[in-house]
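Following are the structures in question.
Two complexes, one shared chain (subunit A), two partners (subunit B, subunit C).
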Partner chain A sequence: MFGLDNKDTRLLLVVAVLTLCAPFILNPFPTDSAMAQFNAGYPDLMQRFVIFGIFAIGFNILFGLTGYLSFGHAAFLGVGSYSAVWMFKLLSMNVVPAILLSVVISGLFALLIGFVSLRRSGIYFSILTLAFAQMSFNLAYSVLTPITNGETGLQLTLDDPRVLGVSATADGSIPVTNLFGMEMRSTFEMALGPWAFQFNAGYYLCALILLAAFYLSIRIFRSPFGMMLRAVKSNQQRMNYTGLNTKPYTLAAFVISGMYAGLAGGLMASMDPLAGAERMQWTASGEVVLMTILGGAGTLIGPVLGAGFIKYFENIFSKINDHVLHSWFSFMPDGLEDFVVFIIHPFIGKGWHLTLGILFMLVVVFLPGGLVEGGQRIAKWVKGRKNKDDSASATKTPAE
Partner chain B sequence: MSKSAFSRRGVLKSGALAGTGLALPTIFTASSAAAFTNNPTGSSVTLGFNVPQTGPYADEGADELRAYQLAVEHLNGGGDGGMMNTFSSKELQGNGILGKEVKFVTGDTQTKSDAARASAKSMIEKDGAVMITGGSSSGVAIAVQGLCQEAGVIFMAGLTHSNDTTGKDKKANGFRHFFNGYMSGAALAPVLKNLYGTDRNAYHLTADYTWGWTQEESIAAATEALGWNTVEKVRTPLAATDFSSYIAPVLNSGADVLVLNHYGGNMVNSLTNAVQFGLREKVVNGKNFEIVVPLYSRLMAKGAGANVKGIHGSTNWHWSLQDEGSQAFVRSFGTKYGFPPSQAAHTVYCQTLLYADAVQRAGSFNPCAVVEALEDYEFDGLGNGKTLYRGEDHQCFKDVLVVRGKENPTSEFDLLEVVEVTPAAQVTYPADHPMFAGGALGSCNSGA
Partner chain C sequence: MGILEVKNVGKRFGGLQALGDVNLSVKENTVHAIIGPNGAGKSTLLNCLVGKLIPDTGSVMFDGQSVLGRKPYEINQMGISRVFQTPEIFGDLSVLENMLIPCFAKRDGAFSLNAITSVPSEKDVLEKAEAMLEEMNMADKRHMHAASMSRGDKRRLEIGMCLSQEPRLLLLDEPTAGMARADTNNTIDLLKEIKEQRDITIAIIEHDMHVVFSLADRITVLAQGTPLVEDDPQNIRGNPKVREAYLGESA
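Let's look at the complex of A and B:
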């Protein structure tokens, strides 16, 4: 289907089912139970899952295929966000022009940075992209304040000169982002016994765009162009010696992944019309590298998993505090309760970085192929056990 | 190999899938029937405490969190009641808010607008918080204030000193108890005049972001009104840790006062550098060289150690104040945690109490009712004397303290001494003051 072979179609369908049913999948615990703390099925986090999924998919097209490690991808995310917010301020609250502009602008920006950075490869390329991104961050933070509003971040105000649409609604508030009238923030809540599921319009828009982005990425992976990029990764020198100019290919990959990042930035601004400079900081660039490696660089679904994993920790673990811990362990005798809380305390709340770091280390050491490799190993183990059962019975039969 | 032929079944299947996908969002546009966002219907009400737990302001954040927990304890009738006993309004009974037990959720802003908004959103969307409070940086406070306005919940700002929070970025659902850059300037100017005279040349080192600029503007305007001359305004990157290269030019500029518009770690480093360069022993233009730190806090003084001795600045509140409210607060905070609270802790404690009281008086958690109850509300007994929550910009007007680094500290907390309590009238400005112009409150949003 869609020009994909069976295996890829199945993968796409799995991703489609996962994203479209996310409100159910991510809310496995009843709202009033103690485990509700681990529910992730609320609009903002679901949006973040898919938006950073898109970001990581795009990054993977560059890093997974060509092996060029860009350490400045957050710059494109930031540029995308700023373009989208400016579109909201100046043109219309409809998200379509905003998203289009963010993709175009970040594509142009990527062309510029890629043109310069791709003159070098390996660590020099990484440093160049890092330098560009950090430069963009610093510019956005201070010098370019008239455009970016500096530290505070670019926000909508009541006196934005919106060409199509109103500056302020009749009741004196800022209009909200919409898709031809459908508000991005509108959420339908479905109560099902003790469970509550939230279906958010913005999330579904992001999810559909994620599916499109994922599909496009499969097509790129399977295309002759993707093959050329893989060749660049395995031995660029040899390709140069055979008289092939690899630069157009790497540049194209860089621009495509920059546009993916811009798309993610535009979507972020569409869901929440604010663009802050720290979106471009090197930590943000590092984060997408982590996502990709954690999930499995060079695999199709890995980056999406990695993005979900990191965002889950950032948003769920950071909100567990001692108060919550005490309520969990209140069944224990007092001294023991305090002791258990004391042991767990460094890993939750402000310690979520530590937990994530440990998990990242474990994944990199034991599963160099990321979470995808973990999945494959489990699948193999299950299959192996089944085979062993078969073979065991097979060897038994003749003995009898 | 890819197969590009469309089978009938394939087209039908994909068509159905795409159709469902497209239709899904439009089915679910009906909003719930609640009168306002997160109307608490059960026996408890949830507040969201969104503070920096990691990053440069983690110390302030940790202290804020302590104060929030103390406030919740007092609201629910635990502890000794703290400032609830000295508060001029006697609506709060110690049985929660409107009889509902107060619960809270916490989040980490990481001192980043994005992370702060994500955290606040999860509080609103997942935990059902009806009020968000916190923030230890103006950028974050402004970002979260905007979010709360959109979402239809109340935002009670924590430590945010920029003029913009209640100036050009003010919002109807946002309220600030803390003082601001303009007030620092207005409070400091008369003291500086008495100490250093009217013929001075000031050199500004400013953290290069919104808060730094508004403070620099405010202080420069206030000192120039005294007759001082501003020699130079130099912007320093927020991430800078070594200020030597910025201090050296000060020596040759002919300036005799250095104004450090820095906060937190920045101020600790720049002040230490300045003292190391021997600026304080210098005599320029026949006058002793002086250093001024407009926004002071005890946590910063602790970081800078002996370097703060004799250096003047302003602060929102200090634990050594002798009024009844401050003493009650210091007592209950000290009993619970073993050390005195910082100004950040004080302001967020007040904000929580003020919110609870406003709900109680309004008789409803509806944000619009709360806004109405807080606007132009006058109160006393929360440590800053008589205070007014001005309706035009949602800024509190109260006395501002001018403090000085103590020469002979008696303990690690006794680092600052109050030089003067500048009365509220002297730091009050019209709502349309040019430094605060350009924004609009808009109308309150209850999310209905």
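Let's look at the complex of A and C:
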């Protein structure tokens, strides 16, 4: 189906079901229960899941296939965000032109940075991309203030021209982002017994774009072009002596992944129309590297899983505080309760980075293929057990 | 006039004159061996032919066109394929994919943004790659991880990859170096077969005299960066100059 083989079609369908049913899947606990804080099914967080999923899918096309580790991809995300906000300021609040412009501008920006950075490979390439991203961050923060509004960040105001729209709505407020009139923030709430599920227009737009981005990445992975990119990672010498010019291949991969990052940035601004320089900082670039490696670099679904995993931790683990811990361990004697809370304290709330760091180390050491490898091992183990049972019963049968 | 004409090529690395004044003419559809003791400049000469090194002086013409100043991939697209001393294959890819890549390079050129079609839908390239695997007796290994094969199989695959590009000149850099006797003999048989069945010119650099004398139509002996003699194999065998270069004056 759609030019994919059966296995890839199944994967695409699984991702489609997961993203489209996310409001249910991520809200498994009733609203009033003690576990409700583990619910992630609110629009803001779900949007972040899919937007960072798109970012990581694009990053994986470069890193997973060619092995070129860029440490500056957040720069493209930031450029995408700024472009989108400018579109909202100048043209209209419709997200379509904003997203298109963010993809185009970040693609051009990636072409420029890639052209220079790809003159080197390995660690030098990583350092070059990092340097470019930090330069972009600092420019956005200070020198380019007329374009980026410096440290305040670029925001919409009431006197923006918005040629195809209105500067201010009838009641004198800033108009909201929309898709041909459908407001991105509009949310339909469905109460089902003690559960409450939220369906947000912005989330569904992001989810559909994620599906398209994921589909495109499958096509790239399975194409001759994708095979060439894997060949670049495997042996550049053989590529050159097989009549293939590796430079345009790596540059094309770099630009494509930069455009994915720009798309993610544009979507981010479409959901919440502001853009700040901190989106381009090196920590943001490092985060997408973590997502891709944690999920499984070079696999199709890995980056999406990694993005979801990290964003879940960031938003859910960081919300657990001492008060919550005390309520969990209140069944223990007082002294012991305080002691347990004291031990766990560094790993939660603001300390969620510590937990994430430990998990990341465990994954890299024990599951070099990331979460995807973990899944494969479990599947193999289950299958192996089943086969063992089968063969055990098969050998028994003749004896009876 | 040969298909490959090397004229007055010299190459200096700092104080070392690696190649003095090399003249070489490789005739079409022959096997031309270049032999010589260690440090004679064989590999330097080969690197000058494929664009890895640019000689300081002289000219290298392939089929009437100069190869100097061209990148390795451009020279390959002109019709020169190279087999390396240690097999250079795509270790992370399957054997079939290894064979597909040169077939795509032959069809689509040095770069193609062929990102929307899927590999299995490219029937013509797939058939060609499968046929070449058949010819190399590797069809049963098509889904194997290329890096996990034996040295001999890797060599076979590399030669197959070069042949699938239908090169006019095949350059072999010590193709049997570090191989067991059986693998060496297999490689010799394979090269003999290629020589008989295809319109192809082969230039081979080799240490192993057994390999050289079983394959070569013509032999050039290099010593200290200059060609000592060029002759037919039977005359090279008894040539006192060659013995001297290989074994030293006392011999």
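Heads up, the rule we're going with is that the second predicted complex is superposed on the first by the 397 of 400 C-alpha atoms of A that agree within 3 Å, B and C clash if a C-alpha of one lies under 4 Å from a C-alpha of the other, contacts with A are read in each partner's own complex, and residues count from 1 in each chain.
By definition in this document, a residue touches a chain if its C-beta (ideal position, glycine included) is under 8 Å from a C-beta of that chain, and two chains touch if they have at least 3 such contacts.
None of the values given here were measured: they were computed from a predicted structure.
Of the two partner chains, neither subunit B nor subunit C is touched by A:M87. Applying the stated contact rule after C-alpha superposition, one finds that A:M228 touches subunit C and leaves subunit B untouched. With both complexes placed on chain A, subunit A has more residues touched by B than by the other of subunit B and subunit C.
Contacts of A:V79 after superposition on the shared chain: neither subunit B nor subunit C is touched. In the superposition on chain A, contact of A:T242 is made with subunit C only, not with subunit B.
By the touch criterion defined above, A:L356 reaches neither subunit B nor subunit C. When the shared chain is aligned, subunit B and subunit C each come close enough to touch A:G3.
By the document's definition of touching, of the two partners only subunit C reaches A:I220; subunit B does not.
Residues 3-5, 222 of subunit A touch subunit B in one complex and subunit C in the other. Of all the residues in subunit B, the ones that touch subunit A in their complex are 1-4, 10, 13-14, 17, 20-22, 24-32, 53-54, 58, 69, 104-108, 112-115, 117-119, 121-122, 125-126, 138-139, 142-143, 146-147, 149-150, 164, 169, 208-211, 235, 237-238, 439-440, 442-443, 445. Within the complex, the subunit A residues that touch subunit B are 1-5, 16, 20, 39, 42-45, 48, 138, 141-142, 149-153, 155-159, 168, 171-174, 176, 179, 182-183, 185-189, 198-201, 204-205, 207-208, 211, 222, 272, 274, 276, 278-279, 314-315, 318-319, 321, 323, 349-350, 352-353. Taken in their complex, subunit A has these residues touching subunit C: 3-5, 219-220, 222-228, 230-231, 233-235, 237-245, 248-249, 252. Interface residues of subunit C, counted against subunit A in their complex, comprise 50, 71-74, 76-77, 81-82, 84, 88-93, 97, 100-102, 104-106, 108-122, 125, 161, 165.
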